[in-house]
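First comes the structure, then the notes that go with it.
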């Protein structure tokens, strides 16, 4: 028991590693604040484009979405980080994470938002247009607010996944939470800092998980 | 005449709500008892206490000689003998009509596949749906679904059948087919307790009508007496309301 | 050399690709093996937890909910790192394969438990009552009436989640697992040429594109409609 506490919940080590780990947390927050809006907005763009009646637009979009659903985000990240320098382009870890996750998430957010837009009855657009709103106005003021509300659980669920995904930044030396914890661990030969990182992730994300679990249950119950 | 259903002093609380306030009910074999009353009067709860879908807070219930509230009673075995038909049919959507009827025959009555199928087919035939045996509930009209639900119960050869507003969820033009099956059952001598607002059916098919209000039986008697010369003001008001529709 | 030739030489170098193809193939086999193990153990464990949860034994349910929440909150990579780099301090040194398999199975277990549970609770109460009123017991009702309906509802979200989590086998590269990405990365360092990464990417796409297309089809077929 004492050994476990010493190795995983070592107070001295935790105190020593605190500032390093907190730095990591700040970077994780920063990364999230960057990749979530980027992914959401590019996904929104894709979803709106997917409303096109032209197959020449819809099929490439579908291929884009399926491509990124099939492609592991870490592979994309490594490809950018290790591959681009061979083209004379050194982006650095932070930018690679931003680009990789924007691409990856445009597909996920896009697919969710497309389903949301599809869930709004066509009569809504007709009603909006009949009052003189333009197609774009109808989309922004009438369709999107309903669409987003309809798929809110899925949007939140994906956002949770994106925040967790920022931990991949550690692979390309972005000093986010996991990376910093790993650094502290190798410096002290004690896994306590990794446990700290885990606890921090849990404390931050648990409320969102709880909320999601309730929303998902309600959504399914409504459909059943 | 011996009573097949004997319920005495039945109380039911839902939290602070006192839904049944000491109901006594005896039903004779081959009798058709009609239970009417405003919503929230406790009539559905009473029905659901009889097969212990609801656990009464106190009282005693005996059906076909089985003490329904004894912890020693095998409740699943006992329920075979008490058919129940629900307002919302509750057919299993993933099974055909035949599958719906066969399930309990196989799993509870322990029949083999061939025998269960024969019995199920016969039950569907009795409700006039032999030709719909291989349809899924979604492919049937509401009236047909409810008749499958009745077949699901009668296939187990119950001693008593409970009907919980069996026609309330149906379009008016589909009500007749379900009532016809119920009338047929009645003529075959089935003991039935029916919670329903079908006054026409009550008048010419019921042996006895019970009026419930606020968790108690207010009065009971032959249909003519209850409908035409109710003794209580509350009964009169309720029947007046119903007949306006 | 033109810029285009340079690009081709860097990313689609036939000689390098030919040299490391066997490595990538070996990595692909390992990825497939790992993915199948994760899917089977994760989903079975999730189903089992959901069934246990339906027994409504309160202390057990609170424990299940906590474990599921914990596993949904933690990034899978954190769990893998914790097992691989942390556990040796407790006297257990799981291999990279073990760490990745166990972590991702646990995560899939948590997500699938939630999905199965949502499916079970979404089955209308009347279905339980109808079945119980004909004398079927709790277990019989769960298995014959409720679960078949629940599974139909769960199949689409479960497929999507399973794809997302099995893609995570690439995380194994962090703990020295020689799956596709691990093989490709070391090939890049050995050859100073990124072509093996392209080869590895192709391997992932060949593996997962059919699954994603199948998922799309499943989603259409089994979407929430009855």
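By written order: A, B and C. Residues from 1 in each chain.
Here is the rule we go by: contacts are C-beta pairs under 8 Å (C-beta built on N, C-alpha and C of every residue); 3 or more make two chains touch, one makes a residue touch a chain.
These numbers come from a predicted model, not from an experiment.
A.B. asks: What are the chains that chain A and chain C both touch?
C.D. replies: none
A.B. asks: From the C-alpha centres, identify the chain that is farthest from chain B.
C.D. replies: It is A whose centre lies farthest from that of chain B.
A.B. asks: If you average all the Cα positions, which chain's own average lands nearest?
C.D. replies: Chain closest to the assembly's C-alpha mean: C.
A.B. asks: If you average the Cα atoms of chain A and of chain C to get two centres, how far apart are those centres in Å?
C.D. replies: Roughly 17 Å separates the two chain centres.
A.B. asks: In whole angstrom, what separates the CA-based centres of chain A and chain B?
C.D. replies: Chain centroid spacing, chain A to chain B, equals 53 Å.
A.B. asks: Quick one: report the Å distance separating chain B from chain C, using the average Cα coordinate of each chain.
C.D. replies: Measuring from centre to centre gives 48 Å for this pair.
A.B. asks: On chain C, where are the residues touching two or more other chains?
C.D. replies: Residue numbers touching two or more other chains: 124, 149.
A.B. asks: So in the complex, which bits of chain A are touching chain C?
C.D. replies: Listed in rising order, the residues of chain A that touch chain C are 3-4, 7-8, 66-67, 69-75, 78-79, 82-83, 86-87, 160-161, 164-168, 170-171, 178, 182, 185, 190-191, 194-195, 197-198, 201-202, 205-206, 209-210, 213, 216-217, 220-221, 223-224.
A.B. asks: Note which residues of chain C are touching chain A in the complex, please.
C.D. replies: Those residues of chain C that touch chain A are 7, 10-11, 69-70, 72-79, 81-82, 85-86, 89-90, 114, 117-119, 121-124, 149, 153, 163-164, 167-171, 173-174, 180-181, 185, 188, 193-194, 197-198, 200-201, 204-205, 207-209, 211-213, 215-216, 224.
A.B. asks: Once bound in the complex, which stretches of chain C touch chain B?
C.D. replies: 124, 126-127, 129-137, 140, 144-145, 148-149, 152, 226
A.B. asks: If we count contacts the way the header does, which residues on chain B are in touch with chain C in the complex?
C.D. replies: Within the complex, chain B contacts chain C at residues 51, 53, 76-80, 82-84, 86, 88, 90-94, 103-104, 107-109, 138, 149, 152-153, 156.
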